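Look at the two complexes coming up: subunit A is in both, with subunit B in one and subunit C in the other.
The block that comes next holds the complex of A and B.
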């Protein structure tokens, strides 16, 4: 079973399946609505199946290497190449596997949801083609072991993301947000490309592991580090480079917004990979740990304070997304700050990183769920303005339940998954610096306050005359939301299996730089 | 001119182009002109990539009738081609965005295209 053709080529299929789904979409779309929806569903199911199978294989047997265009991995490192792997190599370790799981689950949920949510829109072939391209871009970013390949997938996800943000023109406002997103993404990607040019100019290699093993940390490398870290921090929406997030998240169709969250997290993955694997021990741990911590605390605090006064429910949620990204940066930042200190690392550093990484998957699920419920409300009520909404709980009970699950999870209330990861962050960060932990708790309380307000203004109160025609949303939308809600509840009720099987290996993979390098240069 | 200076010339050009691109982006208010600034910077980065791949007196790595001497690693040229294609796609998309915005807002002035705030 393990050695079948499909299992051997999983990393290639991970990219090939969504790309095929994307590019055949315009052809299938001509055959009518049923054929198109069937193709979309098939593509989403196949992508998720490949993603989950790959993650399972990685977690069961260790890092999976895949060399494109070579019959066996060792062909990538010919004797006369001077130790430089030729060809593009996919290196899927436990950290990548975690990100692949997130993208697989989330993409399945949002695709099912969008089948109903987008059904009244025109130009759906392009919409789904772009959606699959976005999925392919994110999956590629998190599984490639090649820096230039990372840039290409970053651009694929940025382009598809910007096109989707602008998809519903909405009197031009969405296009304005799309232009902003595209412009910033392009500038960021140019900076990344310059850094890649600096690195290949010095080391003649593009492979991450090779670069990591040859890294000298010259002045040029420091410049390259800045050119890599700043754009990736911007793309994951960290304050003070968050200004594109509320615009893009608000104007994109809700199903897309839920996946843009995952796409931001792929940039977060890139940032962690650059800091931990590419530069690793050459960095001053404390400096860069505190760099992430300061970004994290700023994002948490500024995000939540900007969220509270918002009137547009999706804009409010977008600022909360910025705020929650702060928790991930804080957790992993504390881990990075104590990476040189084996004692502190074992005592609380790894727990903090586990909390940060667990929060990534939890955030993708509950935030995705919240954006989908906001989309459901908009789908029926036709407005996202909290001052105009009200009394929807009578007619949309299931949407309300899903919203409650998401809102309690984001606020870190037990027994939902947000609590599980935040608890890990609180207790470990407290041992590093009590002050930071207290800030994190205060931000959670503010988050809860903000969502109580949203819940009250959307769902509570008497039935309103203008929403008399409002009914529960169609079944596919509920199914998409339910898929994410089930994960939120399951990971909240029984977090330990998730932490042991999925998160802990990812933490080890992030810390184990030598292992990442040896997988390419030693083992094959 | 010494050959050392000549070899550094592309890098000077890259810096000049990046500074020009940034200046255009920051000083102009017309969206189309801002996008031209982005394209200028794209060209600068492409030139930078190609410049890093140049080796003095080296030949292209085509193994038929190859003269003795060093060969140049052609990876960066391949990267540049990919990057040019990506650049075309991004420019086309952003220009079409600018077109839609002009149709809807009736302006290409970046300071008037600010309906999204807060």
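The block that comes next holds the complex of A and C.
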């Protein structure tokens, strides 16, 4: 009875549980440290459980609909709706399920990590409330089937993200980064809102599926496309709109940075959804495929070349995050470019998209892991400057192992998960254009070079006098890192189950525009 | 800087009216223009009035940050629980499980035209209350923080 009740309302609980956790936080905050930490842990576990259960349900039974405020949550077009979906509908298909899995795993890891990492800070109930709001915003962005609702969740995640970036005031440096992030997010969100206004003005609908079915591709729609695609590309940190990422990723607490990566990927999801589902066959495949490819190649190359000279370890990793986003754009871009060509799509297009989407989850895990290890080093050594660090491997062996796993994964070295997705991208992109594949490989080599440098300057060398007091980080931080590290190794050793059960359905969902529309409108 | 006695007394007199008018906008949110957010903002304006007319410390004696934060959390909780209530009545989240119900606020109201019943919104007034309390708390906290910043600059 309870099971069916929960399973029936999973999409609502996906938002309600983290919101409840966030709203009760100020009240629990006064009840002492133990009560607060217990509530945080409970909230994170419940959110992840709901997320994973929802993803499991979607992958087992197909797209899950949830109509908010209706008498029956599963009927997209109830009797009182007049044949149009007037209510807010959550439409969780396999692609959304993939993103929900990413957010669930990542949020659990970083929450456990921050229980210890942030324990010395003040204002913790606000910190956790914001963290839960950020999680709720990201989960909402990837599961909603309503364009305006997407904007609302985009704003929730942006505002919570900006507040968290500025959380450690750090003599105003973090506040400046937070303000920059808030300003750019607001600009982007305003552009998205304008685009939504253009679309509702023409088609009288906000539901993605309805809009997709009515889309005419007028001049105004082209304007709306630009106003949607550019801010979302900015929010996912693609070059040349990447300038906010180094500041925001560097100054935010490490656990938050690890989740900001996921938040950026939710914007990436939004970009793909807009291009594939909302506009779909009205676009010129080649043009927009190459749009993503060019963004991807620029991000890959500029990101990694900017990363190499950095001295701040988190800033370096932030540029690598930009670079890795490029792989996702490249993979999915190649798929988009050949979407009109059934032969090429079957031969390598879908593999490229699978590589791109697999890289999203892999990147969230290993980049999250790397940011957490950087946070662990900062937690004990008190500096992020690579020139001042050194010899930490003697006293922080487990952090070092986690860092090695993350670093080898990001560089695409087997048997870690970065290799699995990058191999898919290399192989398929090579058949599309060998040149692009070569660039991708060169970027991987540069990434490896960069992380060898980081590894050497942080962990190798003799013990240093100034770090005599350094010890291994507390158990909760190790547990958070281990959670992500286990995924990195597991998805690297046995990628095929992940690809078959999680990634391939997501690719099919992304390509299947008619299916997305039919789930709401019933094949009209 | 201290405002004159006239300004301070007028502000004190207006403060309850601000609250009452804000509450009126919240309560009638489902019938008249306005609603939870607008009403909550009007109520918070009362605090702004007091802050302008009186010294910061004088106001924080009456309006406490902690209480306002609790207001914020309570309002949000009320909204969320009202939404979750739908789940236990076989409806979706935020489903109107109070529609056509009477009780505290008057007669049971049927669907369609009626002779001027007030309680026609079902769940909606409850959500308006939630939002109203939340906005009152949130905006007041923002105002208090912003004004405390101004005071420090003057020193």
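Just so we're on the same page, the second predicted complex is superposed on the first by the 509 of 524 C-alpha atoms of A that agree within 3 Å, B and C clash if a C-alpha of one lies under 4 Å from a C-alpha of the other, contacts with A are read in each partner's own complex, and residues count from 1 in each chain.
The rule is short, and it goes like this: a residue touches a chain if its C-beta (ideal position, glycine included) is under 8 Å from a C-beta of that chain, and two chains touch if they have at least 3 such contacts.
Note that the structure is predicted; figures quoted are calculated from it, not measured.
Applying the stated contact rule after C-alpha superposition, one finds that A:49 touches neither subunit B nor subunit C. After overlaying the two complexes on the shared chain, residue contacts for A:171 are found with subunit B alone; subunit C is out of touch.
Contacts of A:20 after superposition: subunit C is touched, whereas subunit B is not reached. Using the contact criterion defined above for the overlaid structures, shared-chain residue A:179 touches subunit B, although it does not reach subunit C. When the shared chain is aligned, subunit C comes close enough to touch A:68, but subunit B does not.
By the document's definition of touching, of the two partners only subunit C reaches A:12; subunit B does not. By the document's definition of touching, of the two partners only subunit B reaches A:187; subunit C does not. Note: no residue of subunit A belongs to the subunit B contact set and to the subunit C contact set alike, using the contact criterion stated above. For subunit A in complex with subunit C, the residues that touch the partner chain are 5, 9, 12, 16, 19-20, 23-27, 66-73.
Across the interface of their complex, subunit A is touched by residues 69-70, 72-73, 76-77, 80, 83-84, 86-87, 90-96 of subunit C. Those residues of subunit B lying in contact with subunit A across their complex are 31, 34-35, 38, 41-42, 45, 48-49, 52, 73, 75-76, 79, 82-83, 86, 89-90, 93-94, 97-98, 100-101, 103-105, 113-116, 118. Listing the residues of subunit A that touch subunit B in their complex gives 148, 152, 155, 158-159, 162-163, 166, 169, 171-173, 175-180, 182-183, 186-187, 189-190, 193-194, 196-198, 200-201, 204, 206, 246-247, 250-251, 309-310, 315.
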